[in-house]
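Here come two complexes built around chain A, the first alongside chain B, the second alongside chain C.
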Partner chain A sequence: MNEDNDKLSAEQLQQIKDATRAAPPPHVVARWHDAIDSAAEREAIAARPKPQSFSPSSFFWGAAITAAVAFGVAIGVFIGNDKPVMTETYANVEAAPQAQPASAFSRGLQVHFQQSRQDLTRLDNTVNGERAELVMNIVQQNRLFARMAKQNDSEDLARVLRAFEPVLLRLSSEDITPEEAERLRSQLAFELDIVLTKLSQRASDRTDAIET
Partner chain B sequence: MNRILKTLITITLLFAASVSVAQTDDEQLKVAAMEALITAPPERALPIVQKVLAGNGSDELKERALFILSQIDSDEAQAALLNAANSTTGELRLEAVRMIGIGGNAETMQALSGLYDSGDEDMKDAVLEAYLIADDDEAVFQIANNAEDPDEFENAVEMLGAMRATDKLAQLRETKGTSEGLITAFMIAGDEDTLLEMYRSSDDVDEKREIMEMLVAMDAEGIWEIIDQALGDQ
Partner chain C sequence: MVAVIKERSAPTKAEFHAAIARRSPGWYSACLRITRNEHLAEDAVQDALLNAWNKREQFQSSSSLETWIHRIAVNSALQLLRKNKPERWNELEFEVADESATPAEIHAGSELESSLANCLRRLTDVERVCFVLRHLEQWRVLEIADELNVNEGRVKQALFRAVRKLRVSMADLRSDDHE
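After this line comes the complex of A and B, so read on.
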């Protein structure tokens, strides 16, 4: 290694400092916090309450839970950094009792879709950065379920979930016109409804198969 | 303004409003009918969806029809999606490409490379997005590997980063060398180890600076040691 090249000029270091002060794009921020929020969401899936009407305090509790989990995850990451955080998440999912994963996943996914559907209807009432924050919350959950769908060999569901993300990211953009936002929101709501109906059908088919 | 004129304006406005409401109701009814199609047997749903796509309905309604097609597991549905991707225009065409990704049918996916090659920037982005949706990192790798335009290469490698296809990125680094796009892609993929290794093995100060920026932004564990070294003789 060339030692001289490891030493940067004061000007270059200042440029780095300046660059890091600039806010990174939302998708990059989302990517960095993916693992942390995934862990938080895993907790939420296990004990998610029925969808409630919007309350500003939900952001506080979301932030509090995320911060707590982030602290825990951070300890795990910085002490034993040889494995990605998501691998641990998968390990926990796989370690669940054999009878649970498919149905628990399916139920969790249904709740996620219902919650996302409800969140989408709230977008019209958001101001400034709230919309981006609300959408990014859906994105985080969506990523977790896309990975879980893949783990559960539900590749068709994984594709649908992955397909939601680019649309959600467009929705989170501040420079989108209200008309375009409404078009994206309504298409997404339609797709969520369709997938929810399909999931309900599958659950019903499974129940019928068990009963007969 | 005289009374007759006022009355005329009022009647015109009421008429316009009633037409608008009727159109909205009609559109909502059609969307609800489209939604119900998902519960119908595919052989019943498919001809109806195809009729909607060929008809004079709104683009919004056709976009929903395309999604229904993506959820029908049949060759006819796939052919209809491909036909829409080839024959429609604007947003609807891009949406058809997205639906091909959602459908994930291997044969239909193969046709995307032709659409990418002949398409404009929007179409190229839509095809890359479809590959992301279908989790087809090999197809994105081929685009990056064969790209002659730097922007196309950058878009493809960043998509590989979003797909966390670090093995493909490593292959590209071997064959094409380190570039700004690849550094960003490794950052998007969250691959701190490779970025640290790239930093240590680079002899280019600008490149090292760029990698350091990425590592700082990622709050990578090894970054403090590197900063410490970089400040060594300040």
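After this line comes the complex of A and C, so read on.
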């Protein structure tokens, strides 16, 4: 069987090509531009000259504090903009049906972060291929939650989730050095801890609100 | 005369932004044809951009940055599709039992599609991917076989079935137009 004997004409192929051409939504194109900016920014930060009195612990804390400040701001934005679900629920009975899915979403997100945190601690003991697989699983889950956050009108949370992606993808690269992998892994673990703490606090606040 | 060969440095951030502005609809369309899922196509392009950025030192100036990213995006789309539907990529799927079906049977067994874009919907994932890679992306059969981890014969079968179905679909459309 030779596929060359059973071709469509050039005109037909062009028609199919034209008919299946699609423009990406503008917000998606903006996301692609952002992804490049974020990757370039992270690279620039990583390339900055190290302090002369370098010690591994001081470097770690420096990176950790920078990450904490950046993420603190991002989380502050999304927590600040987030609608007070329980308050609205009690103020308006009609809002109640929305509270349950939002709460289920938060719990799911919490589980995802906890799982990701555990997976990241396992990264040390994995070889390149396994590491890429493990990290890509986290990326897929992350994207799922980012989409759900967007559907729940939590654009800021979606942005925070997407902010993890360039780091995760860099971690899955084959050409990453063990030092860089360790630094990124620590940074991610630290950032995940912060988000987890914030999510726990929100859950606890809601419980208090129910009890009072 | 001394020829001055200017070694091209890795593409810059500005060049990536310019490439996105110029060619992202083409990358997205290619990924969408493969995945038939908007979210997967968006993710494939994003993966491709970040991969290309991380490996930009390896970029060869013999091809354009846009073409290079296009190829990476198509590979990312294939990866995501296989990851999402692993069962579709086993040997059995390549042996879809419609080898004996005649164009008339295919015609009778399927509804008339309303548009040319929908013609591709009549194909299985395997047939569509083989067709898109071979005829719209200009890959060689051997490259497709390597990528899908099957032998060339399987790819040729899938291509044969795909083209046959598309011919029927397009003939249906033409006869609709004439009526």
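By our rule, the second predicted complex is superposed on the first by the 112 of 212 C-alpha atoms of A that agree within 3 Å, B and C clash if a C-alpha of one lies under 4 Å from a C-alpha of the other, contacts with A are read in each partner's own complex, and residues count from 1 in each chain.
Just so we're on the same page, contacts are C-beta pairs under 8 Å (C-beta built on N, C-alpha and C of every residue); 3 or more make two chains touch, one makes a residue touch a chain.
The shown structure was predicted, so the numbers you read here are calculated from the model rather than taken from an experiment.
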{"item": "Contacts of A:Glu155 with chain B and chain C, given as first, second, both or neither", "value": "first"}
{"item": "Which superposed partner A:Pro166 touches (first chain B, second chain C, both, neither)", "value": "both"}
{"item": "Chain B versus chain C as contact partner of A:Arg143, first or second or both or neither", "value": "second"}
{"item": "Contacts of A:Arg183 with chain B and chain C, given as first, second, both or neither", "value": "first"}
{"item": "Partner chain(s) touched by A:Asp193 [first = chain B, second = chain C, both, neither]", "value": "first"}
{"item": "Residues of chain A contacting chain B in one complex and chain C in the other", "value": "1-2, 6-8, 12-13, 15-16, 19-20, 24, 28, 31-32, 166"}
{"item": "Chain A residues touching chain B - in the complex, by the definition given at the top", "value": "1-2, 5-8, 10, 12-13, 15-16, 19-20, 24, 27-28, 31-32, 34, 78, 81, 84, 150, 155-156, 158-160, 162-163, 166, 183, 186-187, 190-191, 193-194, 197-198, 201"}
{"item": "Chain C partner contacts - residues on chain A that touch it in the complex", "value": "1-3, 6-8, 12-13, 15-17, 19-24, 28-29, 31-33, 35-37, 39-40, 136, 140, 143, 147, 165-166, 169-170, 173, 175"}
{"item": "Interfacial residue positions of chain C with respect to chain A in the complex", "value": "13, 16-17, 20, 24-25, 28-29, 32-33, 39, 41-43, 45-47, 49-51, 53-55, 83, 115-117, 119-120, 134-136, 141, 153, 156-157, 159-160, 163-164, 166-167, 170"}
{"item": "Chain A-facing residues of chain B, complex", "value": "31, 34-35, 38-39, 60, 63-64, 67-68, 71, 98, 101-104, 129, 132-135, 162, 187-188, 190, 200-205, 208-209, 212-213, 216-219, 221, 226, 229-234"}
